[in-house]
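Each chain carries a letter (A, B, C and D) given by its place in the written order, and its residues are counted from 1.
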Amino acid sequence: MPTILGQNQYGKAENRVVKITRDGATHHIKDLNVSVSLSGDMDEVHYSGSNANVLPTDTTKNTVYAFAKEHGIESAEQFGIHLARHFVTSQEPIGTARIRIEEYAWERIEHSGKGAHSFVRKGQETRLTQITYDGESWEVVSGLKDLVVMNSTDSEFWGYVKDKYTTLPEAYDRVLATQVSARWRFNWSDDAQEMPDWEQSYEQVKKDMLQAFAETYSLSLQQTLYQMGARIIDSSGEIDEVRFSLPNKHHFLVDLEPFGLKNDNEVYFAADRPYGLIEATVLRDGCEAKIPVDVTNL
Amino acid sequence: MPTILGQNQYGKAENRVVKITRDGATHHIKDLNVSVSLSGDMDEVHYSGSNANVLPTDTTKNTVYAFAKEHGIESAEQFGIHLARHFVTSQEPIGTARIRIEEYAWERIEHSGKGAHSFVRKGQETRLTQITYDGESWEVVSGLKDLVVMNSTDSEFWGYVKDKYTTLPEAYDRVLATQVSARWRFNWSDDAQEMPDWEQSYEQVKKDMLQAFAETYSLSLQQTLYQMGARIIDSSGEIDEVRFSLPNKHHFLVDLEPFGLKNDNEVYFAADRPYGLIEATVLRDGCEAKIPVDVTNL
Amino acid sequence: MPTILGQNQYGKAENRVVKITRDGATHHIKDLNVSVSLSGDMDEVHYSGSNANVLPTDTTKNTVYAFAKEHGIESAEQFGIHLARHFVTSQEPIGTARIRIEEYAWERIEHSGKGAHSFVRKGQETRLTQITYDGESWEVVSGLKDLVVMNSTDSEFWGYVKDKYTTLPEAYDRVLATQVSARWRFNWSDDAQEMPDWEQSYEQVKKDMLQAFAETYSLSLQQTLYQMGARIIDSSGEIDEVRFSLPNKHHFLVDLEPFGLKNDNEVYFAADRPYGLIEATVLRDGCEAKIPVDVTNL
Amino acid sequence: MPTILGQNQYGKAENRVVKITRDGATHHIKDLNVSVSLSGDMDEVHYSGSNANVLPTDTTKNTVYAFAKEHGIESAEQFGIHLARHFVTSQEPIGTARIRIEEYAWERIEHSGKGAHSFVRKGQETRLTQITYDGESWEVVSGLKDLVVMNSTDSEFWGYVKDKYTTLPEAYDRVLATQVSARWRFNWSDDAQEMPDWEQSYEQVKKDMLQAFAETYSLSLQQTLYQMGARIIDSSGEIDEVRFSLPNKHHFLVDLEPFGLKNDNEVYFAADRPYGLIEATVLRDGCEAKIPVDVTNL
């Protein structure tokens, strides 16, 4: 046979689970989108169609919902760890489980009625995590996407290479805006280690990322990116690696001179495409990079 | 000729304008998506292709950017009023101008650096307005979309009609969630009237809408919708009409019995499609409805 | 009470139904997205939450699936007519039913195996229809969206109004491209009239629209729009009115002079936003316009 | 310093270029979305913000448009090769260039007018390619996305593992539908080798993929996937590896029994989420897998 099977994985993607926890009249919610991906001894289902080693994707979906009841959802990371452990330890043919979760944040609606069971979706960034377990060690990569930030000054861009296709004028005061997509890898990998506080860690990372963006006087988006990553690693001992994918959301100063007006860095056109795309990994010194470089695909 | 021209309009859609206002080291931003639509004496451009009455859509785009400088952007509504008045009064063939604006909200990034020019997009609802001017009177319809809300209890649904295709069991404690799309019409229509405070009005409407959603013990989404509209009109004398389009974002209780588990209103599947869709107008008594009933198209 | 209820409607939106018809080893498919909207005597459900007049949206969903079996799906229009008639005639409180349908086209995969049950989605335009029935007369408005067309020459734009904000140079050879959104209204309104052949009519309209676009030497997108509408009405006696919403998908000639190159109408930048937006109705002479002017909302 | 820079890359993403080639009155078009990504000696721009080694992303955009004129666009692959070679050979700090291209297909509008310069977008799949060059060897991975296919019979699913969370009944005649995302790697890697005919190769791969899907009697989507990959490698000697990401687009048989109807594999509900997701690589025997396993990110 001239062809062979390579890496393969399967599971149920995008299981939307909402968990309500009732503390009397005060309710708490967790709103997740959970994707299960399993791999292992699966050659035969590809070669002959035999499903003898295949736990149906429908079963993986059922397990997500059952586990929301059985284990609750303390955090997306903790929930993913329960799931990954279950699939690897309960099914002999499954060698590795990868659980990806998106989490949508809600906040309470302030009101004068009784009870506390009314919520409005925050709608800012989407929180992410990916749990991978091979029966021996854990890899937890968390992150976020769609966090849009802007500095309206304190950004320059000059001193770059000029070739025959270069027409860009140098800029000494520009808008810097991006839609942050970030992933960070925890150094927790072993059940014997103490687990990080996943919720607290997330809040700290988001805060550091925003503050580093705001406080960096930027000569390039790359420089800002690096500062964001370094701030996270400095501040969060549980994290060894951060990967960013930062589109440079261009805000072009509109030429108002034809109308007899001076545009003193006031009126901008926010462009869609094309956009600069800056991607890089920031590592704790001495650590190995493990997040795939095409990070947008977590 | 067997065919004739009916209603027509044209303009430049989705002009993305970001306006930075510098108050020393403290910056303020307005981030709008402005669409211009003009109509009037435009038969010939359709019949013969003569552009003699046509102000190019490119010019309407330029006007948006020039006006951001000339008039500033105090509010989306005020900005739309400047634009609509300009087109109708400066171009004889143009009888009516309609300006639609989406506004994206930003909040400041808290940090310890100097200056206040760093922002993160809030990302919750998108604010909307539509200004229509025919040279004599004004119609201002503002609104919002993509505001996702949920009550995790205090919602029932029973006592409905049952025909041969009805299988739905009655519910005495269900999740009620929707993604609010709303439009409200101001009774300001004449330059001689005092103009509403557009920014303050918006904040009040949003607050009333959320509180009415939270405080209504719901026997149907229609009832909740009506309470939301009534609260707005009661509270905001400048508004005569509200139109809602509310998808019933179903959260189905997952059947965990096959796994020996009891689902005590804890674990839900958040479904995408199909969804219930509830649409209605709420009016100040004695006022005429003017918002088109397919409100999602503002 | 200071507020009253205005127009209202409700139903289940986006019921995705796929119907397979087996003619031996040859299968046929219809792939629809059906939205039901009902209105009538529904004041109480808004005012008090009483569902005594409410047929649940879940029931309307069940009816869609049951009718796919009971009546088959000869065409989207015919299917919508069955549904609308059912709701209005079987439920006393329901005065009007509006059924909106999107249809996705498939074509057969050519292959050498036996049977004919393999399909690939065409993916070009989405076909649309809206059926409205009030118990007495019918309104059928069909249409399409997302049909992207381009003429790479035979388009000009000049002779337009120039004001102080006009900077656009006149163009004597430009690319004309648009993404057609069209709706057309049939004059069939009464069960006593012979029904049009909905499938054949659609094919004719699409063909006429494309050919009129291609064959019109264009001095403005408005002129092309009118020709497209007039061609349809001339050719299809069953149609009295056409409404178009045509974004002018700008293709800007890239300035290559800085690189010592001449761009002889060869290299274009396809822009996203902003875009011109041209909307108009074309009517059979003597007929009344009934399609809402904000046609994108059908 | 406790942090260091890891892998990084930058460039201008999503340059939309449309190239018209005029062969008298007959025009030809190529419609691409080109993303440039460069990497090399870029530490300083991250550490200090020095742009001394940075060719601006704006320049990479200009180069895309200039090259469309200078080299034409024979195929997306050939165009990407010109670009990648240019960046690596002309800029000393740049070690590797990766060019990703999406291509949108158009077909001619048949009409009776003169000339052949009118087109309608096909709208089926989006064609993809990725060219990577490090100054020595080439990697070309082409592909497609959003090709939606369905078999309305000849698919079964049974004999799978059953655990305590398994409720799925076995199926002996089901609909099998998926939205194909595929990437395939060419074994051309050296300028000394003869280059494949990129256009012809694409047509052959798409045809093989569709036919293998149609002709495989399927016991699992994995089996169908493997047959699709094997068919491509058998048929196209220039390709060594294929990676698929196949969502199982579930079509659930609707239970019509409550309405006294029998659903004889006729009426289906097409579900959105969750969906099964089957991903695998098929390799020419003896070849090494190089396409990243999270292929959806090409």
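Heads up, the rule we're going with is that contacts are C-beta pairs under 8 Å (C-beta built on N, C-alpha and C of every residue); 3 or more make two chains touch, one makes a residue touch a chain.
Not measured: the values here are computed from a predicted model.
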Worksheet item: Count the touching C-beta pairs: is A-C or A-D ahead?
Response: A-D
Fill in: Chain at maximum distance from subunit D, centres defined as averaged CA atoms
B
Discussion item. Can you work out the whole-Å distance between the CA centroids of subunit A and subunit D?
Written reply: 23
Practice prompt. Find the geometric centre of each of subunit A and subunit C from their Cα atoms only, then give the gap between the two centres in Å, rounded to an integer.
Written response: 38
Discussion item. I'd like to verify one number: the distance from the centre of subunit A to the centre of subunit B, where each centre is the average of its C-alpha atoms, in whole angstrom.
Written reply: 30
Worksheet, complete the sentence: Note: subunit A residues in touch with at least two other chains are 15-16, 62, 66, 165, 167, 258-259, 272-273
Worksheet, complete the sentence: Seen from subunit B, its contact residues with subunit C in the complex are 1-16, 35, 37, 42, 45-59, 61-63, 66, 90-91, 93, 157-163, 165-168, 218-220, 222-223, 225-226, 229-230, 233-234, 241, 243, 247-248, 273-285, 289, 292-294, 296-297
Discussion item. Please output the residues of subunit B touching subunit A within their complex, sorted ascending.
Written reply: 15-22, 27, 29, 31, 62, 65-66, 68-70, 106, 109-113, 115, 117-125, 146-154, 175, 210-211, 213-215, 251, 254, 256, 258-259, 261, 263, 265-272
Worksheet item: In their shared complex, at which residues does subunit B touch subunit D?
Response: 164-165, 167, 258-259, 272-273
